[in-house]
Structures are given as structure tokens and as C-alpha cells.
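Beneath this line is the structure, given in C-alpha cells, with notes to follow.
Lettered A, B, C and D in written order, each chain numbered from 1.
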Amino acid sequence: MTVNVGVVGVGMIGQEHIRRLMTKVPGASVVAVSDVEEARAREAAELVSGAKVYAEGEDLILAREVEAVIVSSWGPTHAKYVLASIKAGKPVLCEKPLATTEADCSAILDAEAAFGRRLVQVGFMRRFDPQYVAMKETIASGAIGTPLIFQSGHRNASVPAHYTGEMSLTDTAVHDIDIARFLLEDEPEAITVRAPRRNSRAGDVADPLMTLIDMRSGALVAIETSVHIAYGYDIRGEVIGESGAVSLPDRSEVVVKTNGAFVGRIPPDWRERFAPAFDIEFRAFIAAAAEGRVAGPSAWDGYVATVTTLAGVKALRSKKTEPVKLRKRPKLYAN
Amino acid sequence: MTVNVGVVGVGMIGQEHIRRLMTKVPGASVVAVSDVEEARAREAAELVSGAKVYAEGEDLILAREVEAVIVSSWGPTHAKYVLASIKAGKPVLCEKPLATTEADCSAILDAEAAFGRRLVQVGFMRRFDPQYVAMKETIASGAIGTPLIFQSGHRNASVPAHYTGEMSLTDTAVHDIDIARFLLEDEPEAITVRAPRRNSRAGDVADPLMTLIDMRSGALVAIETSVHIAYGYDIRGEVIGESGAVSLPDRSEVVVKTNGAFVGRIPPDWRERFAPAFDIEFRAFIAAAAEGRVAGPSAWDGYVATVTTLAGVKALRSKKTEPVKLRKRPKLYAN
Amino acid sequence: MTVNVGVVGVGMIGQEHIRRLMTKVPGASVVAVSDVEEARAREAAELVSGAKVYAEGEDLILAREVEAVIVSSWGPTHAKYVLASIKAGKPVLCEKPLATTEADCSAILDAEAAFGRRLVQVGFMRRFDPQYVAMKETIASGAIGTPLIFQSGHRNASVPAHYTGEMSLTDTAVHDIDIARFLLEDEPEAITVRAPRRNSRAGDVADPLMTLIDMRSGALVAIETSVHIAYGYDIRGEVIGESGAVSLPDRSEVVVKTNGAFVGRIPPDWRERFAPAFDIEFRAFIAAAAEGRVAGPSAWDGYVATVTTLAGVKALRSKKTEPVKLRKRPKLYAN
Amino acid sequence: MTVNVGVVGVGMIGQEHIRRLMTKVPGASVVAVSDVEEARAREAAELVSGAKVYAEGEDLILAREVEAVIVSSWGPTHAKYVLASIKAGKPVLCEKPLATTEADCSAILDAEAAFGRRLVQVGFMRRFDPQYVAMKETIASGAIGTPLIFQSGHRNASVPAHYTGEMSLTDTAVHDIDIARFLLEDEPEAITVRAPRRNSRAGDVADPLMTLIDMRSGALVAIETSVHIAYGYDIRGEVIGESGAVSLPDRSEVVVKTNGAFVGRIPPDWRERFAPAFDIEFRAFIAAAAEGRVAGPSAWDGYVATVTTLAGVKALRSKKTEPVKLRKRPKLYAN
């Protein structure tokens, strides 16, 4: 039983998704692609013999042969494609952010509620990462007691040219915010953002940042983002509980001893670091889609992440603690 | 393009292979199964709707719908199925050992040479393990200088009831012997086996063992096998060169701090430890089979491993260093 | 050449100092002790045959046989003993805090300036710890680029009964504040203190705390204090630079593999963790005292630490960022 | 109470011992030195004001002011100085080897037995190393079950010019042999030495070597010596038991992240690696000498180490397993 997938937005990430579906995910067949740049769409279609090219994402979503949708287009376009997918009753895996405004996120929540069941999975792949899953299981086991503080470090060697301004919050810390909610099973209440001395290579990017989030339980989340740190892609994390702590270790394939040092490798980018997470995420999406369902992070998770990062942007500017005001959680997303 | 696979021998490992093909390896379809126990074959066939059950492995291999063969039956039956696959001109992935006698291994070499190209891949999955691949790349980079010693540790928490006698060599150390050849790009010349004080849970199994292999270059391989060590499945390895060393580190998903200790997890068994290696191995087999080829460890690798472990069994009994006498390497397997 | 030392305050820590001088520090002789509890003074004197007991610390300091003074009495009494030592022209090693009020610290600075050269060493032993020294050398080497953030974690398994209220700042974080100045070669400008959900065993102690310090350069210091964390005494630290990072690793003597885990030991308390630092600190004090000098952290360092922790106490109460207002650095303490 | 020490042999190591006594070991005073090169003796005497220079080691040992003797002269001279110390009834700390021949070692055992109590401590400083002590305590705790195999790795970046021939056994592996006995509480029965492909920088030194020792209990000791390995001084060790294992981890002061790698430091030489062990060893010697006793590794330990390394030299030449024939353990050394 094969799920026929249409991919909206086939830039670098979309093409990576296509390759992943072809080489790592049995039971999926990419049958349609779409992109604002037609040439890019044709290029992507060639990766998969027989995929049809659509000029408009909405047409792809409506196409009879498409059973499930992957949205990896430019962030501001996510909302319309997700809404179209819901309208078409098709499972959709949408890259983060779910939408770039609170209103759009909220509209998606309403649409899904109106449809009556979940159709949206948001691309917070970390929730499928075996390391974060082990972290969550450790907390659940009681081994560290009630969690009090979560420290998260999100470091990129460098960022692409289109990365500017406050994307350290909206594009980078957004992952840490979601994983904090996942690990702590708690919601953000307020956010504070501190901008230390700027990295000399950071241009207009607010880098590094230290973001503090007060959770409803009183637990504190401290997120360090450093997106020009040169040495590699390094995801740090430690949950500090009442009686213990759990953290992500460095995990090189080998240790090399040479020249007075023992040396391990740090991954160069998120592709390598989260490759297993993406594999598992896509398999989960396809397995659920085969049954007309979705699994994993929901539209509610996407909504909270967007509202929190937008409050963070405000806090960075105001230099004050800003509240994170969430609408009531719809029943569809009850835990 | 899908490769239709037949699986001969669908016990615990064979069924695991079927599940792997179904959930991790796009482009493969299990269409036929066979087993000495018919009930088990029917059980396996149910995993894959539509797979045909064959009473005889040879009939499965000859069946028109079968394009590639996986042999995971009892070791002593491997040779006949591999030979049948070669005769049928079908790519075959044979679990180790390739065959249990030197004569059978040699017959396979001859059959493949007669056929004119490689059709056999031996199931030495370690060669696809990202950690061993990184180790080999480190050596190739010159970072540690010429390799002089390889120390390998192969530890099982426990072994199944059918594991007896000298299987520490034929079933366990065989993997270390193959990976030593892979890492050092060298052939064994002589083997010595030391049996220290026996583990009190080892029964008639020679456990632990320290096996020394002199390679043609003069490099020394020292393999520790401990197959009742209780604490977990732990694969150790270090290559010591003229100016450096490269080793396999412990790699837990998380580190937990509790009760005066920091604690990482050790995998319970080979299934978990080598899951990525098996995934990559099977993808490589299917990708090559789609083109009528095979990749990875060859029948020659299977031959050398068997000859070396048999010399090891002799050395354990004689308490002497025994030569590893290899036939000339056929041209088909030229490096 | 032996330095004759008098110890004022011979409770648990003072007695530990005496034992250290006797067993680890050649060239020192404890000749006098003093304590508010006479019985305790007599007990301590018995550790060192021939040490004279003084009822009043001031008398000990003035005693002709005393050449150098160690102050390990109750914090609020530090100032008077340090001032007496300066007046007597004798080198003094004063446990932290130098004094509990800004006025007292300032008076000590004035007294030392009037005397014309340094006589005071403050007991910030971390500055002698080989790990922090290596951290500082790494920063100085340029390996991580300009430091932007320092994250410090200070975790105690538990704290004694007399530890109450805001001592997480004045007694615990004070060490992290000093070491931050040492590592970054920078001064605090403002301080913010966040109190997350309280550890259920913390009583009236503000625990855990997340303290943020803005340094003059713009670098940010984030200090986590957790003083009822049960699992051990764990000092974490990472300096994040523009192009790299340097951190304190876990350092067990051995790694034990058992029951599905690899396990390292975490020290139970500061005595074990900082034993090498204390040894080196005391040797440095005695070696300098033999020449009538002092080395290591100065009265200025003690002054800044006290002013900063007092601003921290204010910030914890006000829930606002509070300025750290420092007097001008006297010439005596020029870098 | 001060112990007056005389040092026989004040080359590089002897001078290091003097500095250690002066700066790390309270209660000791170096009052006399002696060396075959008078100039060197005068140089060493200047390190300690007031130390008397003796032309002959025997005269130093007999000198009234000398209460305890340290022998750090050339190996072949050890025996005569140790015998003279016993005759003089003075505690003596003798660098390894105790003596270079079995006959000399045996004569020392006889002399000590005749004297009626132990006066000799052999300089196997590893027995005082906190890491090996923790390893021994782990075994004693039962955490790994009965020990079956001990793997030891002894790696030097390089060796001095006077290091030739079979010194990998007599000068290097001798430490591993002693620590194996200490950890396993067992005696050697037979020894086998394998010489793999030689390091191209090794000249006439047998390097690397793999030495196997069969212990009386059946436990196996495997010692890798690599003395031109360039990258640093690296002491590896793992004891493999029936149900667990205990090993020595890499222990850098800091971990530095830069250029795609995380990097820890490996000590350059034994001076740094075993500095804490030497400190503790010397304190133990002085503390015992103050009471006219000795502690730590005995003349029997020195005897067994020498007999075993000499059997190893024979085994390297014969390429056979050679027995280690020990005389009966005198009562003086009963466990």
C-alpha cells in the first residue's frame, strides 16, 4: 500500500524531503511537485520519474492523485497551503513555522476543528530524535525528580544570506521552544530575551541570544542561540531536576588520538545531526497518512511556537519580559 | 522500480530482515519465503501480504518472480542456497558464515568465477556501520600513521541455548576477523587462541577468548570475545598506529546524573547496536540488485573469514599458533 | 624556611585548613589558633602539637610568633580580622566573603592602600583549580574567539542547616561570579536573578536560581545554582566564544560497565572536587608569605564579589535588573 | 617531626624527587645527596640549602644524619644501595627496578628477612594513583564479578636515547606487570611476547609489543606497549570481569570545541600523568619512615616484576611461552 505524496515547495529542503521519501521511507511515492519557480519544480520532478508538475500549490493539493501533502515552501505561504490541505481533507506535513502570524495559526486551528479531526503535522523533527526521546523518557521515569530548569543550546556554524534580523528567534529558537514544551509538558507564560555582545560576523542578526521562558509550572527554560559559531552544528540540552539532571552528550563516531589530543567530530549541519529524526518523522507521517491520520506535533504545537517566538521578538525589542498569551487549547488537541 | 526478494530461512533473523525491508528499504518487495519449518514460513508470509511460501529453498531461488535472494537459514545450509542463487544468476545476500567448511566456500568462489561476475554479498554488516566506516576513513587519512595493532572487543550480555563449544570463534569472532581485514586491508597469516579462566556462566562455551591474528604486513589483531558478560552488548575497537590511535567511544543517547554518578546506556543486543548498519547494508544490496549487481563484502571475504575461524578452532585445541592457509585470490575479487 | 601561621576560626573549614597545611604544604607551621568557642580552639590546637590558643583573634594576629594569618571564622567577622592583619603588616588569607558589607570591603581596600602594598588574599580557590586555569588559557590562546557568554552551573547535593534565605547568591553564586571575572577579565555592570519553581527540599532557600550578569564588555554570564540536587557536587561551566567553546567535562577516575550502563563517579562535595585547588592555593599563599607578599585573588576581587552578590540579593527581591555600582579600582589592584 | 632524607642518584628523576619533597611533602628534609657525577651532586645540593654531598652512595646511607634513603641511581646499582640501606636499618624508597637480576632481587629478600621487618618500598607509583586505586576498589566491590582479563596499554610519545633493545619490557611493561598483580591480587605463571610490525621510528627497540601473561588463577593479562607513538603519554587499562568491566577514561581538564571537533588534552609525559601518584607515594613513604616503617609495594613486588620481565625478554627471543618461576613468597610478605 503506497501513499501518493505531493510536495509544495521544492527548494533545497523540499528536494531533500523527496530524496528521503525515495531512499528511506517505504510505502511513499512522490507523484506531484510544485514551486514558485517552475524550473525548480521541473528539476525536482526529474528526481522522481513520473511526478507531475503543478504551477500552483493549491492545484497540486486538490489533484486527485495526491493523497498526502508536504509543505516546504517559503514560511509566509505555509498557512494557505495548510488550509487548502485541510479543506481537501488530506494529511499535511508542514515545515516549521506552521504560519508566520498568530492569526494564520489560529485560522488553521479553527479549520482543523471544523473538519473534526487532525490533519496537520508540523515539522518539529526533534520530537522524533532518539536523543530527545530518551531525555523525555528519563524525565518520565522520575530519575531526576520534578524538572525545574531546561537549558538548551542551539549553535549553527553559519547561516545563509537570507537569514537576517530576528530569525535567531523565529527560525532557530523556535525548535528549542517546541522541544521545551515536549520535554516539560508545560506551556510558556512569559518570555525575556537578552542580547549579549554581538558576534562580529553576525551583521544585523541578533546573535548570540539568551532567551528565558517562564513556564506555567514555574519551570524556567534558558535558550542560548549562537548562529555564527563556526565550529559546527551543536545542539546542547540539559534538564535539571530536583534530584538529578539529564543531558545530551557529544557523540562522535570515533575518537582519534593525535598530536597531544583526543578528538571527536561535531556534525557540520542539521542535515547530519537530525538525519535519524527526519527519517523517523517521515515514516511516522507516511504510516499515519496510509490510515488517513496524522501523528506527531500538531497545529496546536505550531500555534504555540509561533505565538511564543513573536512574543520573543517583542521582548528583544522592548528589553522587557513579555507575556505569552495563548488562546484556549481546543479539545481536538487535548493531551 | 521494485526488486522482488525471496527469503530463505525465516527464523528470528529472517523475519527481522523482512520487517527491515518493509519498513526501512524502499524499492524492495518480499514476494517469497521458505523455511525448513513450514509453519514458520507461513507465519513469515503473513508479515507480507501476498508472499508465496516455498517448501524448498531451491525452488524459491528458481521461481520466476524472485529477482534477488536473502539467505538467513541455518549456517550449514548456506552453501547450497548460495550456489543455487549463482546458478540462477540472481544476486544473493547470505548471512555469515558464507559456508561452514573451506571446501564449500571454495566451491562458491569457483561457481562465481565461472559465472563471470559477483552475485554474492556476505552479511558482514559491520562494514556498513558508520562508526567502522569513520575508523577506516581515519586510517586512510593518515592521521594515525601506519596501523600496527588492532584491538577488538566483542561482548554479548548472553548467548542463546544453541550457542555452544567453539562458537565464540565461528559465530562471534568471525565478525571481528572480517572487520580487521576491512580496516587494515590485509590478510591473516596465522592465528593463536588463548582461553583464560572461564566465565562461570559459560558452560561448554570457550568464553572468554583472546584471539591473536598475525597479518601478512606484520600488523597484529587481538580479539577479546566475552559472550556471557551480562552488562550489555558492547563492541570495542581501537587501531593503534605509528603516531596515533582511533577507537570506538561509548555513545549513549543521553547522560543521566543521579545518585553520585553520571550514567550512559549500553545497547542490550546487536539488533540495536547495528540497526543503522543493517539498514545501510540492505539498502546497498537492493540498490545493487536493481542493477543486477552486488556490493559490499564478497564471497572472498566470506571464504577468508571461514578459513580463519576454522584455523582458530584448531589453534584453540592445539594451544599453538596455526597458519591460515588461503588459496590464491581469484581475479574476480581483485582490490 | 618555615612560615608560622595563625588560624582565626577553627570550625570544620578551619580545621581542614590546618590539616592541609600539615600534610600537603611544606614550609608552613601552624603556631596559633583562635575561635569564638574556646573548646573548639583547644581541639584544633591538639591537631598541631604546640599551637598556642588565643581567646581573641586580634591577639593572635598581633602575636609575635604569628607571621601569616588565615581567617576562616564566621563571615561577618572577616572584616575586623583582615583589618587587624593589615594593621599588623601580616599577609592574610581570608575565606570568602572578604566582608559581608560594601562598607567593610571598602574599608579594607582603603587600609591596604594606606599600607602601600597588598597583604590580603581572598579564598577564591577556583582560580587555582587546574580545570579553570586550562579554561582561561584556552580563551587566552584565541581558540574560541572573543568570549560572548559564560554559563556556570553550581550544584550541591545538599546544604547545611545554617544555610538559609539568599545564601544561594551570597555563599554559592559568589564563587561563580568571581570565576566569571577571572575567565572573562571583565567587570559586572548589572545583575538579574530569576527564581524558577522551587526545589521541594529547599525550605526558605531560593533554590534553584538563574542569575544573569551583564559584563561591561557586553558579555553575558548565566549562573545556575542548585543546592539541593541530591546527586552530587557538580560544577559545570562553558565559555561560548565567537568561533568556539570551552567547557568543564565530567572526570571520573574510572568508568564502570554494569547492568546496561557505563557509569562514572561525581564527587560528593567541594572538599573532593576542589582538593587540588586548595592545595595549590595554600602553597601559593605560603610561598608568597615567606617573602612577605600575597598572591592570587585580591581584596579588590573580594570587594567586587560582595558588591555584586548584594546587588543580586536586591535583584532577587525587586525582580528587576539592578546595577552593580563599583568604586574606582585603586591603583594597587591595577592589572 | 621531620624525616631527614638522603638521595642516591640525582639525575633528572632524582632532582624531581628532591623538588617534590621540598614543595609537596611536609615533614621531609633532604639532608644529603650523592651521584656518580660529582658536578651533578653539587647541582642537586644547591636545590636544597645545606644538603651534604657524598661521593659514595654507601657513605650517604651510613651517615648519621640520614634517616631514610631514596635510590634513584642507574638501575644496575640499585641492589647495592638497597642492601646497604637494609644493613643500616634505614627505610629505603627504591625506584624500579628493585634490581636488574633475579639473584640481586633474591638477595634483597633474604637481607630484609634477616633484618626481620620490611625496610624497602619499590617505586611502583601507580599503586598510589587515584585512578588505579578506584579500579581496584571497583573490583573489590564485586561490581564486575570475578576478573578474567586485564588489558593494559602503555604508550609513550617517545623514549630517550639510552632506551634500547628490550627496554619495552624491562623499563616500560614492568609497570603494567606490577599493576596487574595489584589489581588482580594474583601472580604470573607464564609469559608470551608478540612483536608486530615495528614502528618505523623504533630503531632497535622492540616496539610495539603485545605481552600476554597467564596468571595463576587463569586470568589473562594483555599488555600493549607503544613507546614511539608521538601523540602523547597515554595509559590505557580495562579489567574485564564475568559480568562487567572497569576502565580508565580519558580525562582532560577542559574540552574545547573548534573547527568541527571537540578536543581534549592528553598528557605529554609520565611526570604530568602520574604527578598525583608520586605526591601520594612520597607522602606515604615519609609518613611511614617517620615511624621507622615502610608502606606500599614491597621488595617481593620488586622481585616478581624483575623475574617476570626477564622471562619476558626470554620469551621475546624464543617466540615461545616461557614460565615465570618464582621462589616461595617469604612470610615477611604474606598478604
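In this text, a residue touches a chain if its C-beta (ideal position, glycine included) is under 8 Å from a C-beta of that chain, and two chains touch if they have at least 3 such contacts.
These figures come from a predicted structure and were not determined experimentally.
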{"item": "Reference chain C; chain at largest CA-centroid distance", "value": "B"}
{"item": "Chain pair, B-C or C-D, that carries the greater number of C-beta contacts", "value": "C-D"}
{"item": "Between chain C and chain A, distance of the C-alpha-averaged centres to the nearest whole Å", "value": "43"}
{"item": "Chain centre separation (chain B, chain C; CA means) in Å", "value": "57"}
{"item": "CA centroid of chain C to CA centroid of chain D, Å", "value": "38"}
{"item": "Numbers and ranges of chain D residues touching at least 2 other chains", "value": "230-231, 234, 243-245, 252, 255, 257-259, 264-265"}
{"item": "Contact footprint of chain B on chain D as seen in their complex", "value": "145-146, 148-149, 151, 153, 155, 194, 196-201, 208, 210, 212, 214, 217-220, 222, 224, 226, 228-231, 234, 240-245"}
{"item": "In the complex, chain B residues that touch chain C", "value": "230-232, 234, 250, 252, 255, 257-266, 268"}
{"item": "Residues on chain D engaged by chain C in the complex (per definition of touch)", "value": "21-28, 130-131, 133-135, 138, 143-144, 243-249, 251-259, 264-265, 276, 283"}
